[in-house]
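Heads up, the next two complexes both have chain A, just with different partners, chain B and then chain C.
Up next is the complex of A and B:
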């Protein structure tokens, strides 16, 4: 309990300092808000446009796919707000040795590295992202239990995405340069933004079992749409445990590999 | 009580050679010539609680690598380290609360916010109670004379001011062991002196164990009673500063200035390795310590001396010589005659 309080008190300060830093650069702050909204609208508009010409994609009609997309936009929103900055900063920290001081802090290094930089501008878009989710959720429509479970599944999906991305990012300790890894991460995010049925069998198996990114969206949304589809959700929870365990193991090896840039 | 102990500590770094230019880059893409460099080689050290030890050596000798292994930032290739009873590479939370690292060339403060905001974040990291935090900020900002700068954005501070803030940031949690890696690098003389005084006072009040690396011998001279010399990753000397000053022989450097040229009387100085200026009105001599009083007296009585100086920091001369000829120290060290462990 003390530990949780300790981490929360640090996180509160992370939040305060991130706000303090971003608000010092007003134009950039506003630009990031506009950019995020543009991304949400353009993604949904693209799918909407496709449905003007076809009645179904795979087994889903327009409302279901729009709900899936808005669910993934909410996961993406959490990711953009809470994590994304840190992945880009990590590569620089490893290359320049800035990581040295972070590793000295008396908390777990995954926390101090990946949760340090919060993007307050994205936080202001919470209403937009959740607005789309509620709108398309009501169009589907979702059952009462699904509405209750929705926030929990968003958090689980975010956790799985974070775990997979952190595992991928540990490669930066071996490669030192992180640009390629960050682009790989972004490609993986793009793959996860579509439901699993759009992929061929082999790709679907690969991205469900070996690198479980298709579970991030497809598992919870399938369950929310049909409460009998619990097997996918069980798979997602199992993946969180297995890949979470792997993440800590690989991370420990990565830290042993860290050489720190000379002064 | 031993606060720091290492045995057989070794760190190897692997890198590769790349030929210059575009073709070199292309070649390195498919074939790399890897080389392994031993930055620290079988390093043994014991430091007692409350000691201030100067870790000296030229650039690339392995000082910073040692500091990084001491703090658990990097993991040794071989050997053992214990700091305050902990193995640094295990990165125990309690261990990290007991140590602090200040690096003159790297910053732990956030540039886009005032130092005080960084301090508040560090307070949370290290779980420093409010009352202790306020008292320490008050006391250290007073000692370092930076009270008015606590709320200024770090990017707006001068190098000297920033270094003072770095020191404060590192000491807020009252560490038991402090590693200072070139804390005065790039600072002007006044700022260097301020930092030195602060470290001295902090050590006096807290009896903290401190390891200091610096290329400024004035830092080492002012703060350390004991020196450890590292050359090419190996320990070249470990002992009191007075013994280090005599590592090349028990001689004192003395300089005399004369009111007129004494070109015709240079024979008198022949035995003391004289170095004359162009018009023979100034000479630097190396005089055996036991004969210093007698020879100096003779020179003053016999010649028109207008100024007479003994070197203030013989350590500087010794370091320069050892950097040019590291074999002098490494040879001695391997015979075990010149290495003293307190």
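Up next is the complex of A and C:
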């Protein structure tokens, strides 16, 4: 309990410093908000335009797919706010050896590396992202239980995405230049932004079992749409435990590999 | 200065830039080629799912094969036309690294243009290889030499437009801490409005009419149509982008002039 309180107090400091840093560059702050809104609108509009010409994509009509997309946009919003920037910083820290100072700190390195940089500008877009989710959720429509479970599933999906991305980012320790890994990470996100039925059998199996990115959106949304589809959610929870365990193992191994460029 | 005097320094800079791009091959693959391949993979699966194996179904004149062909060319246009050179420009300004260029015999603009030429040469080679592999597997049955010539020539022209635009977003770094946000906004807007994600025929008519007055469709949609053999030589596209390039060049010159006056050479 003490340790949780300790980590929360550190996180509070991270949040405060991130706010002060971002608010000192106000143009960037505003541009980040604009960037996110453009992304949300263009993603939803693209699907909307396709549905002007077809009645279904796979087994889903427009409302269901729009709900799926807005669910993934909310996961993406959490990711952009809480995690995204840290991956780009990590690439630089490994290359320059700045990571030395972070590894010396008396907290777990995953915490101090991946939760250090928060984007307050993205926080302001919560209304937009959640607005889309509520709108399309009411169009589907969701049951009361599904509405209650929705925030929990968003957090679980975010956790799974974070775990997969941290595992991928460990490859930066083996490569001198980590920028490419960040681009790979972004591609993984774009694969996860579509429901699993879009992919052919082999790709679906690969991205559900070996690298469970399709579970991030498909598992919770299928369950929220049909509460009998609990097997997908069980798969997602299992994936969080298995890949979470793997993440810690691979991370420790990657740290051994770190060469400390500044030393 | 004469061409003979200038050529060696340009040649050396191009060679150095080429080495920089190819030094970390895996990184280059993941950063430049990987996204294009994944983007195509997603679209291939998505459209196969939409058509659901129905070879006779057409959407706005596209059957499944034509839709896949459209997206193959979209990938090629992305590789050739949308360069990623001049990415570190803002960082160079912020960290005070451009001071060196002020005393070099090659100026800042020339250095980055040489880098762009190296990058574009590399991308042309990669695109040619990609087309060959795809054609060997029979995915591009209607490919013709003429459409390739028209398509590639126009794409190189588009890449020049992109380079000038990215250079502009880079030198805004004199005022702005983070210019990558501007680049991402541009790429989101372009991907959506240029027909890179879905063909423009699928958009509402009023939007397409409006878009034709902007440079967006001329960056992806029309080059794809050239590769598909539906358009030949395209003077309207050259004129439209040419006019924008002239405006952007003037803006670049003006911003550089203003920016260099307030440059503090941090770290010197």
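Note that the second predicted complex is superposed on the first by the 262 of 263 C-alpha atoms of A that agree within 3 Å, B and C clash if a C-alpha of one lies under 4 Å from a C-alpha of the other, contacts with A are read in each partner's own complex, and residues count from 1 in each chain.
In this text, contacts are C-beta pairs under 8 Å (C-beta built on N, C-alpha and C of every residue); 3 or more make two chains touch, one makes a residue touch a chain.
Quantities reported herein were computed from a predicted structural model and do not represent experimental measurements.
Put chain B and chain C next to each other and count what each touches on chain A; the higher total goes to C.
By the document's definition of touching, of the two partners only chain B reaches A:104; chain C does not. When both complexes are overlaid on chain A, the residue A:52 reaches chain C alone and has no touch with chain B. Looking at the shared chain after the overlay, A:256 reaches chain B, while chain C stays out of its contact range. Of the two partner chains placed by superposition, only chain B is touched by A:9; chain C is not. Taken together, the chain B residues at the contact with chain A in this complex read 13, 64, 68, 71-75, 89, 91, 93-94, 96-97, 99, 101, 103-108, 110, 112-113, 117-118, 120-121, 124-127, 181-182. Remark: chain A residues 25, 27-28, 31-32, 34-35, 38-39, 42, 45-46, 49-50, 52-54, 57-58, 175-177, 179-181, 183-184, 186-187, 190-191, 194, 197-200, 203 touch chain C in the complex. Chain contact summary for the complex, chain A toward chain B: residues 6, 9-10, 12-14, 16-17, 20-21, 24, 97-98, 100-101, 103-107, 109, 112, 255-256, 258-260, 262-263. Looking at the complex, you find that chain C touches chain A at residues 24, 26-31, 34-35, 38-39, 41-42, 45-46, 48-50, 52, 59-60, 175-178, 181-182, 184-185, 188-189, 191-192, 197-198, 202-204.
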